[in-house]
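Take a look at the structures below.
What follows is a pair of complexes built around subunit A, which joins subunit B in one and subunit C in the other.
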Partner chain A sequence: MPDTEWPRYEVFKQDRPGRPHEAVGTIHAPDPEMALLNARDVFVRRPECYNLWVVPQDQVLTMTRMEMELNPNWADEAIPEDAPMRTFYVFTRQHHRRSMVAATHVGEIQARHHREALRKALESGRFTDKPVYLWMIVPADAVTSSGEEDVEPMFAPAQDKRYRDQSYYGGLIFDKNALKRREREMG
Partner chain B sequence: MSTFPSTPTTRPLPNVGLPTDPDYEQRLAEFEARIEDGEKIEPGDWMPYEYWRQLVRMISQHAHSEVVGMLPEGAWIPRSPSLRRKLILIAKVQDEAGHGQYLYHAAESLGVDRDTLIHQLLEGKAKYSSVFNYPTLTWADVAMIGWLVDGAAIKNQTMLAHCSYGPYSRAMVRICAEETFHYKQGKEAVTLYAQGTPRQRRWAQDALNRWWWPALMMFGPHDKDSPNSPALMRWKIKTKSNDTLRQEFVNEIVPELLAVGLQIPDPELRYDEETGNWHIGPIDWDEFWQVLQGNGLMNKARMEARRRAHEEGLWVREAAEAYARRRMARSGPEKMAA
Partner chain C sequence: MTTATTPTTTTTLDTELLQALVDRLLAMADDEVILGHRDAEWTGHAPILEEDIAMANLAQDEIGHALIWYQLIEDLTGQDPDQMVYFRDAPAYRNVQMVELPKGDWAFTMLRQYLFDLYERLLLDRLLTSAYRPLADAAAKIRREEIYHYRHTSTWVERLALGTDESHRRMQAALDRLWPFAAQLFVPLSGDAALLAAGFFPAMDELRAAWQEAVHSFLTNMNLTLPQTRPVTAERDQHTHWLPILLGEMQMVARIEPDAAW
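Let's turn to the complex of A and B:
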């Protein structure tokens, strides 16, 4: 690869066990392993992370309600006869509130291709209790995931660094003695 | 590249509408109705060319500012007065690197590639916040930057978090959540100095004397001199004007600075009982434009530092690519296990 862009990966972060993964943004990396490391450096400088997924961006179908309205034939895609059925993760955004998250994992669907997965997701009615403004369709087999064994080395260090948290500075700003004590704390 | 023409001749992306398109007026009306309703515009949605152009300009300048902003503070990491201060400063600078990444990616969502953005900066063609072209002369400067400069940035970014363009809004929300500690650690450090020994008090006052006006200039030219603002406000890219934000910032920070015993370096500063506003004296806009055009004290040094970092980091990028190629050759182009 010449000294230009590296492939882009979508990053999905699970804050705690049992919580759904959330689409938080993208990073560039030359391979999936570096993608996990870069994703950690860019998106996990604050403690909340239990698991990270990275997926090449060209493997993720992102579509807005507006795009579907503008292109009514969006679902028409020639799919080869022998294409196997695969699992696709479904992510949606169902509000326009200020948020740092683009979409949230709401379930999965079986299909032979991204657009078929989105069409089936729509038709199933499982995900449209409220209007969906943004869909992301992610093939399970394109996901590179951090492991259980990575929680300690990759994500735990952020938890000790309380000085990154703005509440660490609260209230003591004008208490000179408390300030001096804190300065001596760490040398 | 902050040089996309205001009158387009080519369509930058399929979903960007040109004024010459037959359905432009209708699409524009629908677009403006969406924004009025508080809807977020996402990559792939129809948007008018001027909206696209303004966002590319703003987001790329914001991204470059984060990256250049690492430099005045980075110089003090090896010279921090204590381990605690060093850890805090490293964390702050790491944040700024990450913020630059969020913003470059938001710019890329508009179809601009990273290579173009990086070379624009390295070739000295990029605009970035002029405040980073001033030197950090003492540790008190590092403290003052946290309080004043990050404080001003937070005012601006809190407003931009309401932006109508989804990726920029999301980047702002994430940045705001992380930036508050930058401001608080700065306020804490300045307070310690301002209420410390006579020499520390002199350093704190000296830092304020040199950073006050550059911080105020961060809010941009006066509204009447700001040609981009009407479009930005109409399409909720910005939701408050430069002067409004600047006045809010001054009203909040002047009492705080006075409370720790510092003086504002503005002989015309006065409090207006009726409006509750602190009135500031005239800003030296000549200095602002000179610095923005590359004649500030540190413009050249900032660019040299950036270029050196890019050149000296080449071996890391090459090694990462070689490693990726070797793994792909061994295990085939399917997904590799981490």
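Let's turn to the complex of A and C:
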């Protein structure tokens, strides 16, 4: 049975200008343009957003602390002599809290491939002030980004809409007066 | 959701202009609520999870836009939007027949949405400068989402039309079926001249020309053939047998329990 799933993309969301991009999850899409649209519909229906990146998942190196410990030779990989230097974005997760964010953008590294970028990121000491539980290494040239002009049509309308958790509705639907009281309390 | 403005010009509208305005608003509101309902029928049934979520979003947007237009009517006449939506029978609805047709396959749904989104986007562009201020304000608010809808649906039409033999065949079949119905979007209402004279609404002829030009160039670039079928020119009070069936489902719960709170 052939795999009929569309390719998977990692989605990185920036809430506001100046804030780091955060890995919020994955979507399927046939191409980068549709990946951006799907990312918007799945991850930005209500929350704040200024910019979205989508990156084919097979271009992202994801490695946990445990994977590195279990395989001390993780960095060993033959690098072709003529492989050019590229920019890689470094994402880390430095806590164990329950969170919608898998990893946060913390900087860039120049390297010839993913594993070299991760090794250099570790050796630089720039990202390891606290233990890192998860690394994501994203080549800059694999990113498809939304634009400045997308903010209004794609992200701004969500801000005008009221967001309610599911629990808001519990037991209220058939109690008209309770619902009205709650509406008044919420303003 | 509430509209931000209260019209200050209501008292100065003469009876003819008021009726013309209400007629046009009702046509817009009914188009959106019926299309939104058809789109919502995909919830749980879309081809992939991501698109299921996108389509539910889109349906909700269209129904939200309908509410904005119904509220503009309410401001003018005092009619309750819920009453208008849930307690009118098919002959009182003023939507075009295109939006009441069953949802069909994914190509049909995407092409219908594309044809409608383009019409709506071009109309909203022109309403931004409407002399009826509440209309201009509402258009500015809705237009942002419509730009996104248009991008979403035109992206799909492009990929299906230029995709596989089967997706192309389905898209052409959808166009053959929808094309005559799309013309009904531009059938004039009796009050259009008054609305144009007052600067409330754009000229429908010019809107149709702009829509046709954009649709022709887009669809022919997608290797689709525009059919030479006779356009639907029915008035908006004429409906297919699909509308009462749709309303039966959409209105059922509200009519069973008219006093329920939501």
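Everything that follows uses one rule, which is that the second predicted complex is superposed on the first by the 158 of 187 C-alpha atoms of A that agree within 3 Å, B and C clash if a C-alpha of one lies under 4 Å from a C-alpha of the other, contacts with A are read in each partner's own complex, and residues count from 1 in each chain.
Keep in mind that, in the parts below, a contact is a pair of C-beta atoms (placed from the backbone, for glycine too) under 8 Å apart; a residue touches a chain by one contact, two chains touch by 3 or more.
Predicted, not measured: the structure shown is a model, and the values here were computed from it.
> With the two structures laid over each other on chain A, which partner does A:153 touch: subunit B (first), subunit C (second), both, or neither?
second
> Is subunit A touched at more residues by subunit B or by subunit C?
Result: the larger residue contact count on subunit A belongs to B.
> Given the touch rule stated above, what does A:34 touch, subunit B (first), subunit C (second), both, or neither?
A:34 contacts both subunit B and subunit C.
> Contact-wise, after the overlay, does A:142 reach subunit B, subunit C, both or neither (first, second, both, neither)?
First partner only.
> So, does A:99 touch the first partner subunit B, the second partner subunit C, both, or neither?
Only subunit B; A:99 stays clear of subunit C.
> Looking at A:124, would you say it contacts subunit B, subunit C, both, or neither? Reply first, second, both or neither.
Neither partner.
> Taking the superposition as given, does A:133 touch the first partner, subunit B, the second, subunit C, both, or neither?
A:133: touches subunit B, not subunit C.
> Based on the superposed arrangement, let me know which partner A:45 touches: subunit B (first), subunit C (second), both, or neither?
Both partners.
> Figure out whether A:110 sits in contact with subunit B (first) or subunit C (second), or with both, or with neither.
neither
> Name the residues of subunit A shared by its contacts with subunit B and its contacts with subunit C.
6, 27-31, 33-34, 41-42, 45, 161, 173-174, 176, 179-180
> Inside the complex, what are the residues of subunit A that reach subunit C?
So the residues of subunit A touching subunit C come out as 6, 27-31, 33-34, 37-38, 40-42, 45, 152-154, 156-157, 160-161, 173-176, 179-180.
> So in the complex, the part of subunit B that touches subunit A is made up of which residues?
15, 34, 38-40, 42-46, 82-84, 87-88, 91, 94-95, 98, 101-102, 105, 108, 113-115, 161-162, 166-167, 169-171, 173-174, 177-178, 180-181, 183-185, 187-188, 191-192, 195, 260, 314, 317, 320-321, 323-325, 327-328, 335-338
> How about subunit C: which of its residues touch subunit A in the complex?
1, 48-51, 53-54, 57, 141, 144-145, 147-148, 151-152, 155, 159, 259-262
> Of all residues in subunit A, which touch subunit B in the complex?
Residues 1, 3-6, 8, 24-34, 36, 41-43, 45-46, 62-64, 66-67, 70, 96, 98-102, 133-134, 141-147, 161, 163-166, 168-170, 172-174, 176, 179-180, 182-183, 185-187.
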